[in-house]
Amino acid sequence: MVGASEKYMSRLFRDGKAMFLAYDQGLEHGPKDFNDRNYDPCYIIDIALKNKFTGLIFHKGLAEKYHEHFSGKIPLIVKVNGKDNIAKTEPFSPVVCSVDYAVKLGAEAVGYTLYVGSPLESKAMEDFRRVHEEAREYGLPVIGWMYPRGQYVPNDTDPTIVAYGARVGLELGADVLKVKYTGNKETFKRVVQMAGRSKVVCAGGLKTDANTFMQQTRDILDAGACGVAVGRNVWQSDRPDKIARALEALIFENAPVSKAMEVLSA
Amino acid sequence: MVGASEKYMSRLFRDGKAMFLAYDQGLEHGPKDFNDRNYDPCYIIDIALKNKFTGLIFHKGLAEKYHEHFSGKIPLIVKVNGKDNIAKTEPFSPVVCSVDYAVKLGAEAVGYTLYVGSPLESKAMEDFRRVHEEAREYGLPVIGWMYPRGQYVPNDTDPTIVAYGARVGLELGADVLKVKYTGNKETFKRVVQMAGRSKVVCAGGLKTDANTFMQQTRDILDAGACGVAVGRNVWQSDRPDKIARALEALIFENAPVSKAMEVLSA
Amino acid sequence: MVGASEKYMSRLFRDGKAMFLAYDQGLEHGPKDFNDRNYDPCYIIDIALKNKFTGLIFHKGLAEKYHEHFSGKIPLIVKVNGKDNIAKTEPFSPVVCSVDYAVKLGAEAVGYTLYVGSPLESKAMEDFRRVHEEAREYGLPVIGWMYPRGQYVPNDTDPTIVAYGARVGLELGADVLKVKYTGNKETFKRVVQMAGRSKVVCAGGLKTDANTFMQQTRDILDAGACGVAVGRNVWQSDRPDKIARALEALIFENAPVSKAMEVLSA
Amino acid sequence: MVGASEKYMSRLFRDGKAMFLAYDQGLEHGPKDFNDRNYDPCYIIDIALKNKFTGLIFHKGLAEKYHEHFSGKIPLIVKVNGKDNIAKTEPFSPVVCSVDYAVKLGAEAVGYTLYVGSPLESKAMEDFRRVHEEAREYGLPVIGWMYPRGQYVPNDTDPTIVAYGARVGLELGADVLKVKYTGNKETFKRVVQMAGRSKVVCAGGLKTDANTFMQQTRDILDAGACGVAVGRNVWQSDRPDKIARALEALIFENAPVSKAMEVLSA
Amino acid sequence: MVGASEKYMSRLFRDGKAMFLAYDQGLEHGPKDFNDRNYDPCYIIDIALKNKFTGLIFHKGLAEKYHEHFSGKIPLIVKVNGKDNIAKTEPFSPVVCSVDYAVKLGAEAVGYTLYVGSPLESKAMEDFRRVHEEAREYGLPVIGWMYPRGQYVPNDTDPTIVAYGARVGLELGADVLKVKYTGNKETFKRVVQMAGRSKVVCAGGLKTDANTFMQQTRDILDAGACGVAVGRNVWQSDRPDKIARALEALIFENAPVSKAMEVLSA
């Protein structure tokens, strides 16, 4: 099959908009991101199901051991590569789940982090090729975490480099590109432009204050992104469902920030 | 198949508790761990069978050459990777037995050591992926020796790093995590918490005095671990069966340390 | 099958002459090559179809997401390897699209960049071997971007090194060789000579003034090349169709430069 | 199949004792080991067949080109890895003959050198795993040349390190371990002990005077080894058949050194 | 199949003697070896067919694009690995043509260069193993270019090292060994001796004056080599056919140098 199937693509979006809940931080960042509630995948699943998230991002182990809690209720996006952050070596993220196994786990899309510009990028590009083409055997969408990083990337939110990362994703065949915010709506428009027909979702990043986060999300959407892939700003919040509903207002109802803040403080 | 089969998982545990006898030290540490009795796998097998161990951990060669002594009498856990400790290079443990061959040897579970945080971790994660997914073809449980190590891990029993190692095991799909003790019940609770639905067994480590070892085991169990994977504290002891029975009291009867010490001096 | 099929070879040439439109710069150079029109693959496709280009060079992602705009209207050349230009490491270009997948995308030829003389060349030669032999399974022509580069290549347009690069292409089995211009018709004749029965097309390179570009193209053709593979000199121009028509005059009508300049200013 | 087949194992031993003639030195050491007679594999084969050797060790090329001289007359042990000694790099011995091809050559056992403790050991262990498991497909015995070597092995006959090397062989599944002599019967007993159910044969090493060699062989056997794998001490001797007969007395008749010396001077 | 088939072996020799025309220099040395005639493979083929060469050595690309000129008229020897000489890295020659594809091209033998003693030799030996065993699937003879080289080989025509290189070829299974001349008949005898049942052909090397070349060829043959693999001394000559006929006299008629010189000046 060429390209992702319409069936799977349509599952990831609602009216063309995406709101993914990311929970790959246990591997990527470790326990330091967690408190006594959000360490538990069940807590996260609960947030995902009670709100209008259009996809849940898990690594293989969580998808395997917690599937009965979310299976059939929300599209599963299996992150097929990953790494911890202990070794301070040039960035490379090995494949930790085959596409075949992701499919057995019920994945409706797969995610892959490409460290664009890393000295180890050539192996990563080969891995991405295989992941992409194996995903196509099933018609699965491929979401690229397009993350410029490494010794040749002094600033990974520099608009030029974020735009380059997005373009790499388009050229290599990713259907959805998860990118970092450039910090500026105008420069982010250029990122979206470079992504062409690959859809752009913006990473939430570190937990920030709600107003900043809502404004940033509004700008991202206005710049042409189709949504967000958020984690810490939701499940590190003490009011995750409200944050989720505020995001829904921005994303699915095209609400202004003021409306989102109202929802949040309701 | 997704996940480990119930059949195999239930074989490794008795009432949800595990007591594994580890004997992979011949490869990992060499003859220095052995005296004139315990160098002999038959001596070890004898200990395993006379007591209530729920699994016996062997490398391929021992499983192949001594199988008639234990086959059908105790679940065999084949350690599928391993290394000696001669070269002082960054830690990486190659696969020394395929999962297919482990199955031919009668394995009811496989063990894999992942040196978390090693600069060579990415190849290890790829190896682990293959081991995990090949094990799933048979429904075999995968036990991860989650051992942070290498130049970026100054202290491998630091609670933060042990907890991160455990989380890596959960995220990558291990069913049971063998971890080192943090030295403290409270911090070990956090390790168990991070392991989520992966079960935790604690490594016995260097031979210590019996009282310390029993107290440590009690703390580990109280912190939520489901058991231990012990070696030297049993087979380097001059009274291995009594040590085993004392451990049984702690693990399967939930006895206090005082009771265990009684058993030991009986 | 041995060699490229006549069917596919004949599709890439018109009266033995080639005029390819290259658009792999999004990956190779990034957004810096693009303005608000030419970032868009549709803009490029439009230029390709409105003029007499004999092939369109795309990476996998563009071929996948924009196929309905050009499929069946112009031969697609899928560039099967590529890299971005962020990391300043020795040149190596990984395979980003399998030949099988290129065929699914409708490719009628595949392109591969070989960085001749790179310290990483041996892996590249192995990759090229596989690409070449897999392409032969379908009878597909293989176009080699024969680009000497790396620490041992101080000047990549040195006539000696360009000629060596071309010869490497012939020896390894490429059907068409894309090479850089040596800057001189006489030295370029030697390049064409060394290419033997592999056909030579010259890369357009950086955008230059039209007169220089037309003269260079005339010299290239007079030196025996069968055509050009141009990108930036066309789609970075504010009159791409005129540039295309001027090139057509040179290539297909064997016109002098003066005639090409007339077409251009018509 | 699990383990080596009895059929093949029994072929390599006579009354449980082994006397292998090793001739892999052409690759390992080069022509410097040879004179005008013993450079010729036919000369070696002649020695092997005229005496009671229980196995002949050849690399692939010799097995292929000289098979009609020994086929069916003595068990062939194909050495499946090997290297020359020109480059002074950390020790690693690549696989130069697949097990499948060794079987086609008539091998009744395969030999593999593992440089224990080498910084390149992890790749070697992976190679050994494949060789071992492929050999098992045919029930072939695997003979491990267990040779600690490299920058972390200052003395490769140190009893501790020889014993560790032997143990590695047992743990990884070798059926027979070829080790170097520690120089001392008592320490060699420990080596044999660590080998468990893997049989131990001792390498002959550099040519030494006959008396020393016979005494060493006696000590090796008394320490529990099942025999020797000799080369230079036989075929560099000017009376190879007598050396062979003296070894036979020691190995198969359990003769004292004095008896062996008598045979030698008969 | 074990060993090369008689059918193919007999094709490469005439009365047990070989005279191969080598033309792999386009890849190995580049255009600097060529003038306006000999750059053209047709010119070379013409020389090969007009004289009594027993084999023509081409890389894949030439075999593919010029096959109609020689197919069925002279045995084709496809050189399956190769490299250019631009990068000054430790020598390693990647496989540039699979054996399967060489067979499709009509190869009746394959050639492989092994840089004996290179720090990269272990990968080369693995490649050679595969080439050798794949060739055996078809019964194809394997010709080893046994070339000691790299930082550990200060002098690649040192008799000791040339002899070692030849022995490596025998041990690894090559049927014919192409070696450099040691410069001396006596030392070359030792090279031939070490080659055992592998046949030896001597490389022609740099173009030298005809008398020296004829004398060298005579010495090589007298030392026991079965022939030569020549290139530059033939096709860089302004009288290639005469050189060829002079070589024929030496090789097939066992003529003295004086006779060869007569033929040459006839």
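When the chains are written out, they are named A, B, C, D and E in that same order, and each has its own residue count from 1.
Here is the rule we go by: contacts are C-beta pairs under 8 Å (C-beta built on N, C-alpha and C of every residue); 3 or more make two chains touch, one makes a residue touch a chain.
Which chain is which protein? Per UniProt: A, B, C, D, E = fructose-bisphosphate aldolase.
The model shown is predicted, which means the values in this text are computed figures rather than measured ones.
Asks: Taking contact as defined at the start, I'd like the list of chains shared as neighbours by chain A and chain E.
Replies: Under the touch definition, chain A and chain E have C as mutual neighbours.
Asks: Quick one: superpose chain A on chain C by CA and send over the rotation angle as a multiple of 5°.
Replies: Answer in degrees: 70, to the nearest 5.
Asks: So how far apart, in whole Å, are chain B and chain E when each is placed at the average of its C-alpha atoms?
Replies: Spacing between the chain centres: roughly 58 Å.
Asks: Can you compute the centre-to-centre distance for chain A and chain B, using the mean CA position of each chain? Integer Å is fine.
Replies: 36
Asks: Name the ring's chains in order, please, starting from chain C and stepping to chain E first.
Replies: Here the ring order, chain C leading and chain E following, is C, E, D, B, A.
Asks: So in the complex, the part of chain A that touches chain C is made up of which residues?
Replies: 1-3, 116-119, 121-123, 125-126, 128-129, 132-133, 136, 148, 150, 152-153, 160-161, 163-164, 167-174, 190, 193-194, 196-198
Asks: So in the complex, which bits of chain C are touching chain A?
Replies: 24, 26-27, 30-32, 34, 36, 39-41, 59-62, 64-67, 82-84, 86-89, 92-98, 100-101, 104-105
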